Structure formats: structure tokens, C-alpha cells
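Chain lettering (A, B and C) follows the sequence in which the chains are written, and residue indices restart at 1 in each chain.
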Amino acid sequence: MAQACLPPQVLDRATNKPFVQARLADIVHALGGLLQGPGDLVLARISPLALAGSDAISFLSHARYAQELETTQAGVVIVSPESAAQLKSRPQLALIVTPEPYLYYARLSQWWAQAERLQHQEADQRAGLALSPRIHPSSVIHPQAQVAASARVGPLCVIERGAVVGEGTWLKSRVTVGERCVIGDNCILHAGVVVGADGFGFAKDGEGHWIKIEQLGAVRIGRDVEIGANTCIDRGALVDTVIEDGVKLDNLIQIGHNVHIGAHSALAGCVGVAGSATIGKHCTVGGGAVILGHLSLADSVHISASSVVTRSIGVAGHYSGFFPLDDNANWEKNAAALKQLHRLRQRILALEQAAHLSKGPPA
Amino acid sequence: MAQACLPPQVLDRATNKPFVQARLADIVHALGGLLQGPGDLVLARISPLALAGSDAISFLSHARYAQELETTQAGVVIVSPESAAQLKSRPQLALIVTPEPYLYYARLSQWWAQAERLQHQEADQRAGLALSPRIHPSSVIHPQAQVAASARVGPLCVIERGAVVGEGTWLKSRVTVGERCVIGDNCILHAGVVVGADGFGFAKDGEGHWIKIEQLGAVRIGRDVEIGANTCIDRGALVDTVIEDGVKLDNLIQIGHNVHIGAHSALAGCVGVAGSATIGKHCTVGGGAVILGHLSLADSVHISASSVVTRSIGVAGHYSGFFPLDDNANWEKNAAALKQLHRLRQRILALEQAAHLSKGPPA
Amino acid sequence: MAQACLPPQVLDRATNKPFVQARLADIVHALGGLLQGPGDLVLARISPLALAGSDAISFLSHARYAQELETTQAGVVIVSPESAAQLKSRPQLALIVTPEPYLYYARLSQWWAQAERLQHQEADQRAGLALSPRIHPSSVIHPQAQVAASARVGPLCVIERGAVVGEGTWLKSRVTVGERCVIGDNCILHAGVVVGADGFGFAKDGEGHWIKIEQLGAVRIGRDVEIGANTCIDRGALVDTVIEDGVKLDNLIQIGHNVHIGAHSALAGCVGVAGSATIGKHCTVGGGAVILGHLSLADSVHISASSVVTRSIGVAGHYSGFFPLDDNANWEKNAAALKQLHRLRQRILALEQAAHLSKGPPA
């Protein structure tokens, strides 16, 4: 991580007061793990190892950061049993030992955020401020839309006729949910998300004009789905666009009409998925990748950033396709040569034939 | 299409009630075509061939789906005269015969959506609900903006000073139209569209700081233009950014300042067009492609997805430029070799000279 | 520039009346430069050389447009001393001579826009219209947010708890600034910008489900930063995402959590920067490029459009990596050959060995 590059004032700003004062024993009581250290230690923040002070809880997520464990100033560190066993040099360092430190950190972050939210509510009450409304009055919700009792709708959202928002789901702000689109339970939709705009469908008439195909399907989103800021998921043409349970979409992603994304897949920012593509379960797609339409990816397919998927992939695995970065001068020479690559291949074949090296049909 | 991959409940959800009950004869009366079948058949939905039931109208858009015609359960299918002539096996299947089934489907979808809208209005009236206002009161419209009498402005839009919105044009929700920008008649702007933000123009001063160039132009959009969700069209620096009639822009597209897009061109999602580029008429640009600035594309140029256009293209045709996807291990080997491609070319030339195969200057 | 491709009516529309009537002497008085010509000339617009009429001020920004100087109809042209010296053919053409004509044009555009704004205010007052409010009442601002006295907040923005908006900063419309995020002085945030949505952070549990990592950091943005429409800057996981002074971000850019962008860097549209990447000062990134996470770019690194940065770059310079565009048929042949490039390299080596040309280990 690049935290070391951050200026020191990152953690010094006025608004970064230790709102949460967490006793170490309370954390372990709530989240488990084996505590090696003083339960009455009070923590004020979660920090990366290299930046942590004595009031911080930190974590060792990967062996490659093990050296930071030797020098960290953290008050307590979440580590695996293996890391704990190897750490001989600092017998005084407080530890929480757990098989999956990164997962523990994730749950700790949730516990922490929840504690912060409660503190904010109490502070607001002391200050005589009204609680934030569950449904912000600036949002425009159609009378025939259905918003679950525990759902939250932030400011300036639009929920259209027939749309459904599930229990525990949170529309942060400026989210649009189009007609008849269904958002499952416990989802998070960040600012600017558009669910259910029309898919991009047109037929060409005899003069080369595009005639709109009305998009009569909708969007169905499962539970535990998170959708990043300004991401768009188009409604289907005749069937629904479907996002299954547990899918995570980063910011500025485009999901075309009729697309189907399998459960627990994750797509990074700026990805585009063209119409009628099907992505399996537990897939990952790197940032800026493009998946063309009318094709299928099997479960557990992983696509590198900026790659273009032009045909179906039936076998789980890791696939890539982007031009390697180079110094511009080198790139120019290679790019020029690349435009003649098939001729180079023919020249190699001619050389092989001249040298009697060719042993079969040209590759 | 990937509909067969969709779970069966796609068409079963409670909200998908057959709002429209369309008599087949009424469809043919409205849209033409030769009816071979019972005019009193009642249709409740439009469906793809493979998913259609007896209450559905379907269509055969391409010969490669002809086999689905043999097995479809659709109540009626829109087909070409050729397909109708070849269909011997199912003399009882009701058909609408028309030269361009896909175009017929497009028009049917419009007819269907319009029928649905009328049904909604009638249902609202029966329920005593107010009609949706033509101009939603939550939108912020400058008193010096000009919105045509038949234009619709959905919730939470912003229309700035001097902007013009044409007859029949529909701003869905959360659309911004900047100062002096002009939207023609019968356009659709989906949620989150930004027309007329500042173009990206800066001059560098002696210290390497960027000095803003105020963007004094505007955006002029013709008629019958559709703009997808969260797409941005920047205002010109000194002249206007121009989108001609009938252009279709998908979601999350960036159109830079001074760009000019010719009539009836279509750009897929996530495309970026840099400043002062000119795109001809009847062009198409695939998803994620980038068109650099200060260049021109002739009419009827077609750019593949994820390709980068770095120079003007004067000849109509199909152009591509993206790295082919591969298994990651293979990709890594080829990418490594690619960084030495111009040296490989030199080595081939040396081999040719040694073998006296070289017949001219190196390619 | 492609203005010559624009239809002539670009400058003819009714709304393009010469709102500003600027005396040449007033411009030179305000912005400096050596005037060669009549100070009482009245100018109504700034235009490109090729489109300028006698009421326009224009500029020669680059020697490659010098020929346009011979024929321009502009009333006055901003030129460098060198261009002025070379211009023998038109002794009557009025000139403003200044070392950096493009920078002069930038400052002129600001002067012009300011004059236009004042004219609008006066016209509004004459018409009895209320002045646009500094903080638009449709925006939703948390009582614990802090908006500076001279900041402007346009319609339908959201400013969350603890956020700070600096002096002179302008949120155009529909901007979200998340909890505790800080925007410095004199920034411009265009429509649809989202600052401080959650970073994309998840840990995988034993069943392959993604467990959310709450994003406890914020976003800190320096002064003189401009952020284009619908661009997203995510809050940090534990530290802040930082955008230093003078950075310019175009539209539809994704900035991941914990990213740090050095002062006076500029990123073009559709760029994606993945989490924990660090970009130096005075860098530029071309449109659609992707910068992967957990890496660093030195100061003054320039990345071409659509390139993918997969490793840290420690040396200033220009770097590229995208597939060159080609006619689709050629591209297909080369793309096919590319998938066997490492085998071609082996075949070349075999040829070299057979011909005794190999002089070392294979490249």
C-alpha cells in the first residue's frame, strides 16, 4: 500500500478526532479471536501497520508485510497463528490471533463504522438535531413504488412506478431506480447510480435511421449487492437484466440490457458489459475491461484489467489481453512492427522452408 | 441471445402481469404486415422465441435463429417472407409476414409501450392519483430557459439559463442541461446525463500550473437523439459541440468539447471522444473505444470495441485495434515477446540476408 | 482544430448575441501585451482564426496554424513576437503581441466569462429577477457540514456530515460530497461529481462471499482543483484519498480509495485509477488509460490514452501501450499471429542456430 507516500497530516486533521474509543476486550468479545495482550487497552482508530500509533489497531493481511510487524507502533495487531508464532522479536506487542486477519479486519471495520454511527446519533440528539430521516423528503418516490420498512433512501433519489427496494437496503443519494426494477435486501447503492435506464436497442430502417426498440424488461437485483457511484444497469429489452446475490460492482460500470451476472462476482471500476452477456458466479473482472455482448463466461473466470472479451469462455481461469506498457519510443517501434506481424510470420515460414526446418503446416 | 441462461422466474414475477391485452388484428391494423392466423388471438407480452408462451408474440430477426422457429411455443411470430416460405413443419403457427421482422418488432415495442403508458394513466385515474406532471416540480429550471410545450422534464433535473429543450423531448430524471445548450425535438435524455459541462481546456503557465480556459461555446443537439444514462457532452471552447439528428449515445460516454458527430451515428457504452474530433454520418463506435482529438472520421466508419483511433480515417470501413484475449499464461509470454518485436523483425531481416532471401528493403 | 467542419450556423444562433462588447484597449489594459492597432476597436466574441469575423479577437497558438494568419478575417489576433515579426503580408492586421499567446487566450477567456456573468446579473436585475442564490435551496446540506462564505453550491447537491467546502469553490449542480470529505479553495466540481463514495474493499470469507470493508477514510482535495462531470473519487479505507493542489480531472474518471495524485497533474476523460496508486506531480494521463493499484508514478510521467500501467514507473517520461488501429481484416491477421508470437520467437531462434547467426542467449 502507498500510505507511506501520504503526508503526515493525513491523520492529523481536526475532523479526525477519535470519535470511537474502543476497549480491546470489547472488540474481541464482539468479533472473537485469541487476545494476547491487555484487554483494557483503548483504541481510537484502525490504521495500516506502517502508519499506526499506540492508539491504533492494525492487521497483517499478507506475509509480504511481515517486516512492518517488526517496527509497527500499533497498540495491537491482528495476525494469523503462523505470523504470531514467527514473531519472536516483540514479545510485548499485543496481538489478536485469528485464522483470517483480513477477514477479521473487514468485520472490525463494520463494527467500527456502526459504533461511529451510534456516536453520531447520540451527538446529534445532545445537540438537539433531528435524526436523519430514513426516507429523505427530497427524494421523489412514486406512490406505486414499494420501499421496505427498514430501507433507507438518502437525498435526491428517484424511485419510479412499480419499483421495489428491499429490507435493509440503502440508496445513498441521487440514485435512480426505474420502473418495475427490483432491488433485493441489504444492498448498498452509491450516489449517482442509475438502475433501469433503457437498454441500447435500435433497429435500422431503410434510410439508415435508428428506430427505438422500447425496453420492456426491467432489472432484478439480488440481496447483498453493492453498486458503486455513477454505475448504470440498463433494463432488459424483453427479459430482465439480472444481478444475482452478493455481486459487487465498483464505480462507473456499464451493464447492458439482458445481462446476467452470477452470484458473488465482482467487477472493478469502468468495466463495460455489453447486452445479453452472461457472467458466471465467483467471477472477477478487472478495471476498464470490456465484455462484448451475446456471450457467456463460466463460473470462476477472472479477466485482467483493460482486457476485451470477444467470445464465450467455458473454462474457469485467468484471461488477459492488453498491450504491455512501454517507453513510448519502444512502443512506437513495436506497434509499427505489429502491423506487419502476419507478414513476418510468412517470412519466417519462407526462411524455414529455405533452411528445410519447416516440419508441418505453418503455425 | 442469452435468455436461455436466465432463470425461469424472469417471466413469473408479480409485477409482470399482462398489463396489455392486445388483439393480434389490432397489431396488424396498426403496424401492417400480412397476417397468417387468427385475428382474435390475444397477446399479453412480447417474448424471445425460446422463452415465448402461447400468450406471446415473438419474432425471427436473423436466419441463425430459424431453428427456434421449429420449436417455439409463441402464439404468433413475426417473420420475413423467406422464413415463412421455408417453414413447412408448422402450418398451424400464426405468422405476421413482413420484409423486415426486426424493424417490425421495434415498431411493435413502441406500440406496446404506448399501450402500457395509457393503461397506467387509466389505472392512476381510477385510483384517484394525480397524473405525473409534465414538468416535475422538483426540477430546477432557470426562468430564462425555454422548455417546449410538449417536452417532459422528470424529477430533479437542472436546466440552466438560456437552455432550450425541444418539442416532445423527454429528460427522464436527474439530467443537467447547461447554459445556452440546445436540445432538439423528440430526444430522450436518460438519468444522470450532463449536457454542457465545461470542456477540458487549460493553458500551462511558466510554473507548470494549469490556467483554465473558460468554455464559451455551448452544445447543440439535433432531433431524435437519445443519450444514455450518465453520459456527458461538454460545451465547446469557442464553437459549439454538435450532435446531429438521429444520433444514439449509450451510457457513460464522454464527448469532449468542440466534437461534431454526424447524423445517425451510434456510439456504444463507455466510449470516449476527445476534444475537436469529428465523426461522420452513419458511423458506429464499439463499447469502450477511444477517439483522440483533432481528427476526423469519414461517413460510415465502424470502429470495433476498445479500439483507439489515433489518426483521421478518410475511407468508410471497419477498423479495429485491441489486444486479443488469451489465457493469462499465454498472454504473458506473447506480451513479453511483443516488447521485442522490432528486434525480432531485424533478426528476420538478418536471416533473410544470410539466406539471400531478402528481395528489397525491409518491411 | 476541426472547426472548419462545423456548419456555418454555429456562430449564427439567436442566443449567441454579442452580450459582451469589449474595447480592445480595455482588454490590453486588463491583460497586458503590446497592442499594434486601434484601441477603440469593439469586439463581440473570441473565435478561432479560421472562423473569425471582424468583430472577433483570435489567437495564434501554434506555428502550424501560421498560414491561417494570412487569411483570417479576425479584428485582432494575439500572437507571439516571432509570429508578429514573420507577418509581413498584412501590415493592417491588428495584433496583441505577447510571449505566450495561448496563455493570454486562457486569461482572456476568463476575463470574457466574467464580463458575461456581470452582464447577466445586470440583465436579471433590470428584469426584476432574483439573483441566483449562492447556496441553492434545493441542495441538501448537513447541519454539521461547513461551506465557506464565498463558496457557491448549485442546485440539487448533497453535502454530508462533516464535509468542508472551501472559499471560492463552486459545486455546479447535482454534486455529492460525502462525510468528512474536504474540498479546498477555488475548486470547480461539475455536475454529477461524487466525492467520497465508499472505496471498493471486500474480504472473501470461506464461502467465497465478499465481506464489506467499511471505508473509514475520507477524501482531501487541495485548492484550484477542477473535477469533470460524473467523475468519482472514492474515500479511503483507513487513510484519505488525496488530490493535491491544481490537479485537473476530466469527466467520467474513477479514482479509487487511498489514491494520491500529486499537484498539477491532469487526467483526461474515462481514466481509471485503482486503489492505493500514487501519481506524482505534473503528470498527464490520456483518455481511457487505466492505472492499476498499489503502484507509484514518478513526477512528470506522461501516459498515452488507453494505456494500462501495471507496474511502478520511477523515471519521468512518456509511456504508451495500446494496440495500433488497423483495417479490420489486417487487424484480424495480425491479432491471430500475435497469439503465437512467443512461438515465432522460438522459430527465429531455431533459424538463427541453424544459420549460426545466434550470438547469445535468445532475446
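Just so it is clear, contacts are C-beta pairs under 8 Å (C-beta built on N, C-alpha and C of every residue); 3 or more make two chains touch, one makes a residue touch a chain.
Keep in mind that this is a model prediction, so the values were computed, not measured.
Trainee: Count the smallest number of chain-to-chain hops linking chain A with chain C, moving only between touching chains.
Mentor: 1
Trainee: Is the contact between copies chain B and chain C built from the same residues on both sides or from different ones, judged by whether over half of the numbers are shared?
Mentor: Chain B vs chain C: different; shared/all numbers falls short of half.
Trainee: Where the CA atoms of chain B average out and where those of chain C average out, how many Å apart are those spots?
Mentor: Centre-to-centre distance between chain B and chain C: 26 Å.
Trainee: Which chain A residues touch at least two other chains?
Mentor: 138, 156, 174, 192, 230, 252, 270, 288, 322-324, 326, 336, 338, 340-341, 344, 348, 351, 355 - these are the residues of chain A that touch more than one other chain.
Trainee: State the interface residues of chain B toward chain A in the complex, per the touch definition above.
Mentor: Per the touch definition, chain B meets chain A at residues 1-3, 5-7, 10-11, 13, 15-16, 45-48, 51, 100, 102-103, 105-107, 109-110, 112-113, 116, 120, 129, 136, 138, 154-156, 172-174, 188, 190-192, 224, 226, 228-230, 246, 248, 250-252, 264, 266, 268-270, 282, 287-288, 305-306, 322-328, 331-332, 335-336, 338-342, 344-345, 348, 351-352, 355, 357, 363.
Trainee: With touch defined as at the start, can you tell me which chain A residues reach chain B in the complex?
Mentor: 138, 140, 143, 156, 158, 160-162, 164, 174, 176, 178, 180, 182, 192, 194, 197-198, 200-206, 208-216, 218, 220, 230, 232, 234, 237-240, 242, 252, 254, 256, 258, 260, 270, 272, 274, 276-278, 288, 290, 292, 294-296, 303-304, 307-311, 317-324, 326, 330, 333-334, 336-338, 340-341, 343-344, 347-348, 350-351, 354-355
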